[in-house]
């Protein structure tokens, strides 16, 4: 199997007459840490949603682990090991924190090569995931009693409980304090060390540059730069389009 | 059946007139359901309440029912504001709006109907007007005043509310409240205040439709049931939050009902009308007339 | 397993109690209450677990009723076959409705179910083989083996169906399907992202819910002898199927059971006591009061008390 | 285990509540001079409540009268009734309660077919005499020999219902050649319209329009327009009050022309409907059961109406329609029980089949199916109505009887022309 885990070619998305993505080419290698930045409305979220299947793209291909997943619904992509978090946390509000983790776990059996998680193991597996993000003490609470940063952690725990091959983290740090950002960053590093490829969409430049091995810049639905972070940020057009704002 | 152009013309014209009444009946719901996202299943029953209030005032004073209805509008406006307060406090604020709120309106519908039948008895009530039996027919086309008046009331009522939404600051805030509460807070408007006002308008339009209903047909406490399906169907066909859209959907609905009734037989008109709605929902859930 | 044995035991006890009472009237009224237990439980599988509010319960119920009428017309009078036919027909209808409305959420879905009910009622009204608008008589056999009377038999059958419905509901609730449905109810997009096959689960829920409602409707021709579309599609069924779980509590199988037993019994008592419009008014005010003061239903109220 | 216990408590508890609430725990009263209980369900709320309440009022008048006369066979009479909410599904429960728990001595039906049919299997099983109110051609399904029907429609109600209309139509000159049929999608209207079409074989009439409409219809103009376009000589409607009103308005608004218009409308029989429609009903020809014409001066009817009208608050202010029918049922019961001398269902049924009863609606004799052996539906033409006053309808002349011949009180005015 090749080293390339995710291969996106010519990805297009239009809303009515508005072109949100104008044909993006992008590849991610196994275990890579990639940051995506861009000004508001540049198509970052649309890109994530097209990758994860929440939106249907209009053109181009998405190959994941060598398989064309472009026609699959969101849950089909999740079953193949592609996990995501949402920009605004979307917990299952009527379930306890632990039960929130059950939801991805009980569907793990659909994943090729993965056994169904037996009932007896569900709790242990969920608690492991919560332990990893530091929410173990809140396992029996309802999401509404969690703080902002805890909700972000819950999002991450939901995403990583199944041991995904690729995690797309959509602005997981917006609105958090300096130290909270570091907490989340440490978590993402930890996840990455476990062998999961991480794509991070972020506004906080400090966080992106600290985390990413590679940086992608989207402006108005086009990829204008792709490479080593410091080099990319130094590019004139990036500065103009993004930082100069 | 032989093709008769007069018949088709009449089916369309009567359908448009009927549609005018439907538009008035739906307009309040367009505000409540479309803009505020309040699934007020009791809206038709509020229309019936408006009709009975109009009837009672007419019996007490002998004034023309339409005048009575106009006198009652402020009362219903205030009633709507108060009602929204209750709804907000007990359902929306708690985040239980979806299912519990729905059942709440079911309960309200039930209570209003039973109360009306306790006060007025189970019989049909109607108001005698000098113009009730007049037909301003032009050539072969019937234009009964009984159906023209609701149409005119719809035009004036919906026109005034639309104008209010378009031209005044508060009105624009109402139109925006359903889409983005946060934006309103930014310009220092309390969304609750706006929603209360909007729901007041919704019940005001219900009362106006009630006055019109009393002109169209005799009314009993359960008359609202006839309209529940229709008003929601029209609201959705019209693209929910659009006054213009619900106007057009109402006219279309009326014409479809009456043309079906004329050519296919009246028995099939609900099936055709609601079939259209189902089809719309399946193919184009944003409504036929959504922009 | 212990639950299921217990449930069977309780059902047997209830039947025995009513059998020993030996009063036909009790069977008639209890039948109605138990029928509402089935309807409320079935509604809750879709409405309470998955958050999809079905306004068209009456249509599923009536489809079950008319499937039984059709069988009777063809000369098949076996109650079990009628219920099977009702369940399958209404289940298929549920599946079809699920497909048709798969893109719809919230109130849109509810209005679509309402439209479906109008459409089906029109079709039945114009279908003369099934009696059409003039209605149809289905005369129940006067005797049946084992049971004291046919009505007791109907009651026993409905009790069994309620047992089955509650077991199914509880099984779904506690199973992996239950977590999926809860996730759909809370956030469908997030559910998809967590790997929940939302469409498949919704279709299962609409089918099971519809099928149970249809089965509940199938014995109706024998119960009421005369079936006509206006009453078969009566607003009562739609309102009660929804109000009972709401009053009881939505998230567990206990809610619809408690709600249906309470409201169903209250309605039956109201019918034969100080029955008047005032009485109905009280029932309505009670419903509103419950919704305002106990938004999580009776079950939520009791749980809240227990925690405090 | 916890859940199981709670659940069983719940089930047993609710069974007990049900039993207690339904009055099962109260021991039956057994005293001397124990009243004769007459049980029935009645529509006191819901769509049929206005007729149900009018029926109840008439029955209560009889109850007061009989108790004032010292009761029935020496025992006081007590009406035991429950609201069926205009919903047939409540009827089996009510009827079994009446029989099993209240142990009523005599049983009557609620108002109309939907309230009668669900009671039939139970009544048959318990072998009770069953006097019914406005059940349309009911017993043809059950063939129960203790069923007695209070509807003056005769043994073949489906067909008899339109007989008068067609007979009278045939007397016109020139003879009508075509007919339009419009009925509501409901049990009685559908049966009546089917019956009419069966009858047509006897007459040389062509059906040029035949449609039914749903109960939710708001606008009747398209229907009347389509009828007018078919140019029928006769127009026959079978409708319920709200739609009757809508149809009559539309007839006037369109200016429908035909030789004879009317038929099986329900609504015009009721006082509030008469005052609502007023002159718009002029020249329409519609079925009826009682109108205050001189030819119908049966013993007791004036007294009944005089007692009913003052207590008609919120009900039919005239009481020509349901009250006499409901009252006549009670009279039949009274005469039968008095003659038989005891409450014996078999003997009562036998007596009722064998004898003629004198009622406020004239002499009634039942055939072996329990229908009136002599069909006696009236066909009435509304004539000379001025304005919307109530008093004119209490006088002879506004509702001329055209059929049956023995009660004829006026002549048919035709052709029908609605003024626009």
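Just so it is clear, A, B, C and D label the chains in written order, and each chain counts residues from 1 on its own.
Rule of thumb we're sticking to: a contact is a pair of C-beta atoms (placed from the backbone, for glycine too) under 8 Å apart; a residue touches a chain by one contact, two chains touch by 3 or more.
This structure is a prediction, so every number in the text was calculated from the model and none was measured.
K.L.:
By label order, what chains touch subunit B and subunit C together?
P.N.:
Chains in contact with subunit B as well as subunit C: D.
K.L.:
When I count C-beta pairs in contact, which pair ends up with more: A-C or C-D?
P.N.:
C-D
K.L.:
Considering only mean CA positions as chain centres, point out the chain farthest from subunit C.
P.N.:
It is A whose centre lies farthest from that of subunit C.
K.L.:
List the centre-to-centre spacing of subunit A and subunit D in whole Å, with centres computed as mean CA coordinates.
P.N.:
72
K.L.:
With centres defined as the mean C-alpha position, give me the subunit A-subunit C separation in Å.
P.N.:
Comparing mean C-alpha positions, subunit C is 42 Å from subunit A.
K.L.:
Based only on mean CA positions, could you tell me how far subunit C sits from subunit D in angstrom?
P.N.:
34
K.L.:
As a quick test, compute the distance in whole Å between the mean CA positions of subunit A and subunit B.
P.N.:
Roughly 46 Å separates the two chain centres.
K.L.:
Where does subunit C touch two or more other chains at once, residue-wise?
P.N.:
Those would be 122, 125-126, 277, 280.
K.L.:
If a residue has to touch 2 or more other chains to count, which residues of subunit B qualify?
P.N.:
In subunit B, 114, 117, 229, 267, 270 touch at least two other chains.
K.L.:
For subunit A, which residues are shared contacts with two or more other chains?
P.N.:
none
K.L.:
Once you've mapped the touching chain pairs, tell me: line, ring, star, complete or other?
P.N.:
Per interface graph, the chains form some other shape.
K.L.:
Name the touching chain pairs, would you?
P.N.:
Result for touching pairs of chains: A-C, B-C, B-D, C-D.
K.L.:
Touching residues of subunit C toward subunit D in the complex: what are they?
P.N.:
2-3, 6-7, 9-10, 13-14, 17-18, 21, 23-26, 28-30, 32-33, 122, 125-126, 132-135, 137, 139-140, 142, 149, 151, 223-226, 228-231, 234, 236, 254, 257-258, 261-262, 265, 268-269, 271-273, 275-277, 280
K.L.:
Can you name the residues of subunit D that touch subunit B in the complex?
P.N.:
45-47, 49-50, 53, 185, 211-219, 221-223, 225-226, 229-230, 241-242, 245-246, 249, 252-255, 272, 276, 280, 313-315, 388, 420
K.L.:
Mind listing the subunit D positions that touch subunit C in their complex?
P.N.:
Those residues of subunit D that touch subunit C are 1, 3-4, 7-8, 10-12, 14-15, 17-19, 21-24, 44-45, 82-85, 87-94, 96-97, 99-101, 113-114, 117-118, 120-122, 124-125, 141-142, 184-187, 189-191, 194, 212, 214-215.
K.L.:
Sort out for me which residues of subunit C touch subunit B in the complex.
P.N.:
Interface residues on the subunit C side: 47, 51, 53, 100-101, 103-104, 106-108, 110-112, 114-116, 118-119, 122-123, 125-126, 235, 239, 242-243, 246, 250, 277-278, 280-281, 283-285, 287-288, 291-292, 295.
K.L.:
Mind listing the subunit B positions that touch subunit D in their complex?
P.N.:
So the residues of subunit B touching subunit D come out as 1, 4, 6-7, 10-11, 14-15, 17-18, 21, 114, 117, 120-124, 126, 128, 132-133, 135, 137, 142, 144, 146-147, 216-218, 220, 222, 226, 229, 254, 257-259, 261-263, 265-267, 269-270.
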